[in-house]
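By written order: A, B, C and D. Residues from 1 in each chain.
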Amino acid sequence: MSTATVAKTRPAKAAKPGRRRMSLPVVLLMIAGAIVLVSVVRMITGAHGITSTGQMSTALRLAVPIGLAGLGGLWAERAGVVNIGLEGMMILGTWFGAWAGYQWGPWVGVAFGIIGGCLGGILHAIATVTFNVNHIVSGVALNILALGMARYLSKYAFEGVEQGSSKQSPPIESLGTFDVPGLSEWLATLNQKHWFVVSDVAGLLGGMITNLSPLTVVAVALVPLTWYVLWRTAFGLRLRSVGENPVAAESLGVNVYKYKYIAVIISGGFAGMGGAFLSIVASNVYLDGQTAGRGYIGLAAMIFGNWMPGGLALGAGLFGYTDSLNLRGGTTNVHALLLLVALLLVVGTAYLVWRKRYLPALVTAVIAAVMYLWYANTNEVPSQLVAASPYLVTLLVLALSAQHLRMPKADGLPYRKGQGG
Amino acid sequence: GESSKSANTGGDKESGTYSGKGIGLAYDIGGEGDQSFNDAAHAGFVKADKDFGIGGQTFEPADGESEADKAQRIENLAKQGYNPVIGVGYIYAPAIKEAAAKYPDTTFGIIDDESVTAKNVASLVFSEEQASYLAGVAAASASKTDTVGFIGGVDIPLIHKFGAGFEQGAKSVDPKVKVIKKILTSTAQEGGFSSPDKGREAANGQIEAGADVLYHAAGLSGQGVISEAAKNKVWAIGVDSDQYKQDALKEYKDYILGSATKNVDGMVYELAKSVHEGKPLSGTIRGDLKSNGVSFADSNPKYKEMTEVVEAVEKAKKDIIDGKVTVKTS
Amino acid sequence: MCAIDASSSPPQTERATAVELAGITKRFPGVVANHDIRLRVQEGTVHALVGENGAGKSTLMKILYGMQKPDEGTITVGGEQVSFSSPADAIARGIGMVHQHFMLADNLTVLENVVLGSEKLHGIGGAARRRILEISERYGLGVRPDALVEDLGVADRQRVEILKVLYRGARILILDEPTAVLVPQEVDALFDNLRELTSEGLSVIFISHKLGEVLSVADDITVIRRGTTVGTADPKGITARKLAEMMVGSQLPTPETAESTVTDRPVLTVDSLRLEAEGGRAVLDDITFTIHAGEVLGIAGVEGNGQTELIDALIGLRPADSGTITLEGEEITSWATRRRRESGIGYIPEDRHRHGLLLDSPLWENRILGHVTEKPNANGFLLNLKGAQEDTRRIVEQYDVRTPGIDVTVGSLSGGNQQKLIVGREMSHAPRFLIAAHPTRGVDVGAQAAIWDVIRQARREGLAVLLISADLDELIGLSDTLRVIYNGRLVADADPASVTPEELGSAMTGAAAGHLEHTEAPSADSAAPVAPEDEAR
Amino acid sequence: MKKFDKERLLLAVAGPVMALVAAILLTSVVLLASGRNPIEPYVLMGEQLAFSDVQVLIVNQASLYYIAALAVALGFRMNLFNIGVDGQYRLAAMVTAVVGAHVALPAFLQVPLLLLVAVLTGAFWAGIAGVLKVTRGVSEVVATIMLNSIATALILYLTQKDTWGVPQGNNMTTGEMHPSGWIPGIDLGPDVGEVYGLIFLAVLLGVLYWLVLNRTRFGFDLRASGQSPEAAAASGVDARRMTLMAMLISGGVAGLSGLPLLLGDAHTYSLSFPAGLGFTAIGIALLGRNHPGGIAFAALLWAFLDKASPALDYAVPEPYEKEIATIMQGLIVFAVVISYEVVRVWGLRRQQKRVGEELAAAAAAAAGKSDKGDKTEKEVAAR
């Protein structure tokens, strides 16, 4: 026989290192760092628009529908159902919201928008949960169907009504907006001073409390609420368990179908609310094609946010911010961002050097230099680049961070009762 | 097999010399309810129907259709006996070119394009840049901050025309005037012509950057521009029709300095009239300042009170008509 | 088929009946998993359920637990006839089940996994945490409520599973092969717990393939074979061998000691192979061995000690972090899987459904899988469908794959027939080296023997085989050389001619190392635990 | 195994038929609910089928759909979801149009050059998503959604006046392509129109698709990866390479999907070049079950709904809403996937049952021949 192998009984396995989780202080520190960096860029470039109150307020308004769609995605995917039908559910939300809104007032409209989205959710749930249809396929079908439905119904509901047409609903009364008295103006004045960091923070905070629609407040509140419900209640635990391991949940008496249904319907409700926000708050009319792909963007924001409400809000905020930069005068502001990117890359280079990863560090440094040169040698960036910036930023961030993302384990997988074993 | 165009015939309206089914109006993407030139064309259509009782029908395009579909639509209309057949938008140019050759007895109209030259084709085009020039003059004259803004809907040459005229007009008042330009979206699908919210945010940004007169060429999105201007108590300049008189904008009309109008409805009406009378228009019919095809609407009494501004605009208008000034189109 | 009578005295009737299953029948498409099964469990006892792989034990338990509905038959709990439509009903009746395969959500914490479904008991916060710690303390489970399950090892997971059941205050516990992944001390601790539980009046249904364990812990035994009850047995009056014979339904042959065919021509040499997990922890470390032509090298080990990783490294699914692999003098460490397979490495994967088959494809396409570049499946870049189909027919014939034809999807075959197809496919390419991972797992006895014959035959013709199996008898019976893997290292070796399963077992738990001699006591740098006295034979 | 073949065929047909019937019924319900005649729209649309010019339109449109759907289906066969076909084909068409306008080779060189340019552009754009997925783990769904929007901006940038744009009136084009790159159509007379010459490309691609998937090693690997990535990896497929390849090929095919129109009719890329083809193609690929024949059928059906629905505009006394066609399209996809799933599960059950029965019968026969100690009982496990 062969020689005796060296044998040592080894101590019990060391626990696997847990996944890297960022603690609150670290997150806060990173946010603070980002603000300082942006402030530096603003001071250098004089592009005060990048942190103005209006900028932030616009960013928030643009982020809300994306965030709501993302929350919709989050609810569905946490229960294991991929929801690419968010776009369709949003369309239903815009339509139903406007249809009820112009007749019975905006709040009724919001309620109907949510109901419209829920209807889409029910359809998606029937297809994916009961019939085990591929989730993406069902979502695509829903998107087509919702588009056709909304157009078809518009011909009946809006054509011939005063100020309405087959493409547009009559105007809906506004939900109104409000500021926080005193504070809003004070922050706005502070923001106007263009002081280092102080004005930026004032802009950020001011934007959050200026010109607010009540629905925006509701939407923002839904982020922590979602977190609370999903992570701190029994209901949420069951819902998440269904997305992680439905068979295990089933084995403990959880009615998997029920939770999937609930989750997908709530998901539709969120998307519908996002749609209602578009037609009631953002525009005060339903318009054909109003959602313009925000459902997909919401989905992207959710993935970006690692299937967590906080991350999702950050993702939606980033979209809202870049989009708002674009809308609010674009070219010079985005030009200033080139410098920001260059600075960020320098920071990245330093980090990589610290981690002794020299080749990536070199590559990063070179890109940083290119960015800087681009910044230094131009006054504006092409407007098309500005328009593409939200998408580019998302792609970039995902490319840098996708490995750290973790989706619910049973997300998108078919499930049948009694399949366990 | 048989062609669909040979199938449906008959039902011609006989009224005087006119023999046809009425006006066949084919819309561009956006269709009815775009608060812009589709709607204007529709207004002309309605007016013509009212005046001559010639009737007719309107047709909307589908999403993502190709030129073949447009050709099919136009030819079908001609075959069925609609007269005149009007394509709203340059996008119909190839279709009308083809159909005009096949149906020499039908009068075709095309809006915003003059590339088709045929006896039975009337190209209804507009010098939007001239009206925009006047808007620029008005804006720069009325501005206290010497900063004015332009918000276009979608990144297409037509919108560049508006922007170019506006900028030239503004600079003609004072070369130091700053013109901030923003075009909302790259493509119409993204909602550049139909997103009041986008218009509003863009307007807000420009106002923040110091602009106190905003000119828009953004269809429905312009409603957002105007409402935001009103909210911030700065001037807005409307487009296409006299927006001071628009119902949907009543609330904000005090802040509408004027509108750079484009007489699409009038042109459609004229074309229908000419056909109805048996003397169909043909060739390029240019709506410019001289022919009143475009103009600067001054319905707002507050505008009329600003005599300096009014004078500047009148002078500019005269200069253009006299050919002293030529306005760039891009 | 020969019927075997219950070999034991009838069960004592002084205790009350906790659970009674009568006439349970359950059919799956193509399989009758349970047919007219009877089972009576007395209160306060441990009742063992034994039977071969695929006999229908798990199915029966899932029925009792409400996860599956029986087609026929009745369930009586505590004297009352019940009908469960979901596990919730069963849990409400005080039934708890630890499943054969872990039923845990990886991305949830231990606490969340435990309280799931029973949040009403103590909520999902502090109270629940206190209760978990209490139970954990009481039974010495050592569970950390806030750890993520994915960070836990198998034994810890097993404890969480047991805790889940205890947390719900179950009166009737179903444990489906709870010991498969536990080391002996843990098994002992578990058994102590079980005895404590039964003394409190709880009933336990216990499933295990380790008959020694069964005899030591059970108060009653029910044997099922091919889906039906064949009888009950009294653990005091029956030997493991007799029990095994009841399970398989006939006399057991004495293990075959085949003549050695080992040559001195090394086929596969692995030198200091190391594989790391994400955090840099070694999952395989310093693996060194050589397999010669005509040699079967058996690797024994408790599941999860690096076998899967070793297979992956050999077939090329995971790159080695250091060390070399050499195939007949050629170093293949950096080769891709395809090249390794083309150069003569055959592969019988441990999970045939995941790694060996395309379940929705017909048999002949599965014939191509893994050998798409080779004859008779391909001509250059084109597939040779005719060739593949013909050869599939040959395999079906030669390896006795029971199928109506080669165009049916492979998913509709039974596990054993699927396995025969895989074996046939791999052997058709005359491999030089074969990785056989659990080649007869879940395969019926007839197919088992056939597969063994194939491996022996190929060995005689000079094939080198790496055999990984949880079945120690299979390992000892087939191998020429035995190694024991523990914690990612080869810690011991043994001569299959003389080693006993007990000795192997103790090495598998890390209690023994070095060369295992039959006469010697295991080398002792740790207190040798009492090996389960009587393994299955 | 004739029996199984027949059954398979039956199952294959049952799905789409069920789906169509269900979709039509549901659409009728919608029509009824809105107080319209539930039958007439189908009649009106059906009548269109008899007109040769409508036929030409349908076939032409279907050729675009077909190629784009093949691109989508290729990804699906590998469990890759290429939502980015839309961006890929628009970008490819634009770049091809630019090359076609600035390069003037003889036709036998020009046409292959243009095809190559289209393929490479499409592949390049899809390849970005592929590379991101393979190297950085970015979901191809999100990446291609983003790339669609980026393509829109890029196209716009490249067709500005100071880049390659050539304004034509109010339209912005890339300038007329050199005629040597035009592909003549089959002219069926002035009243009927021209069938795109590149319809043959669509057919060829369909055949190639089938050949590659079913008759080549590569196709086998691709399908295996789609069915079971683990099994494919164990069989020697390099999953990353396969993913990248599938993405590149899908993108390449997507790049071709605008060409029948570009080279056959439009001869320039302009603002009026149709968009949204890539999204429609998803529905078509699904409807066609990712099978080249099925996709052809689905593409024709979709094109039919597109091209026949304008007829609803001319209905007397009151036109029908064209959106009925869109609703039908959505319902069809739903009905199709649900009925496929139902039929699949049913078929699987049947097959398993049949296998069980036949085996039981065989076993019974064997038991009849030899009693005790028969073949299956002879050899016994060691335990």
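Convention: contacts are C-beta pairs under 8 Å (C-beta built on N, C-alpha and C of every residue); 3 or more make two chains touch, one makes a residue touch a chain.
It should be emphasised that the depicted structure is a prediction, and the values quoted were computed from it without experimental measurement.
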(request) Indicate the lowest number of steps between subunit B and subunit C, counting one step per move to a touching chain. (result) 2
(message) Can you check which chain pair, B-D or A-C, has more C-beta pairs in contact?
(response) A-C
(request) Please compute the C-alpha centroid of subunit B, do the same for subunit D, then give the distance between them in whole Å. (result) 39
(request) Quick one: report the Å distance separating subunit C from subunit D, using the average Cα coordinate of each chain. (result) 44
(message) Nearest whole angstrom, what separates the Cα centre of subunit A from the Cα centre of subunit B?
(response) 37
(message) Among all residues of subunit C, which ones touch two or more of the remaining chains?
(response) none
(request) Return the residues of subunit B touching two or more other chains; collapse runs of consecutive numbers into ranges. (result) 60, 155, 186, 189-190
(request) Note the residues in subunit A that touch 2 or more other chains, in rising order. (result) 293, 384, 387
(message) Once you draw an edge for every pair of touching chains, what topology comes out, line, ring, star, complete or other?
(response) other
(request) For this structure, give each pair of chains that are touching. (result) A-B, A-C, A-D, B-D, C-D
(message) Give the list of subunit A residues in touch with subunit B in this complex.
(response) 49, 52, 54-55, 58, 61-62, 163-168, 171, 278, 282-285, 287-290, 292-293, 324, 327-330, 383-384, 387
(request) Could you please specify the touching residues of subunit A with respect to subunit C in the complex? (result) 1-10, 13-19, 232-234, 237-238, 240-241, 244-245, 247-255, 406, 408-409, 418, 420-421
(message) Residue numbers of subunit D touching subunit B in their complex, please.
(response) 48, 50-55, 57, 60-61, 152-153, 156, 161, 167-172, 190-193, 261, 265-266, 271-277, 280, 306-307, 309-311, 313-314, 319, 322
(request) Report the residues of subunit C in contact with subunit A in the complex, numbered from low to high. (result) 58, 62, 65-69, 86-91, 97, 99-108, 112-113, 115-120, 123-125, 147-148, 150-153, 164, 277, 279, 281, 286, 288-290, 481, 483, 486-487, 489-495, 510-511, 513-515, 523, 525-526
(message) With touch defined as at the start, can you tell me which subunit C residues reach subunit D in the complex?
(response) 1-2, 28-31, 52, 244, 247-253, 255, 315-317, 336-342, 347, 349, 354-361, 365, 368-373, 378, 381-383, 385, 402-409, 411-414, 440, 445-446, 448-450, 471, 473-474, 477, 536-537
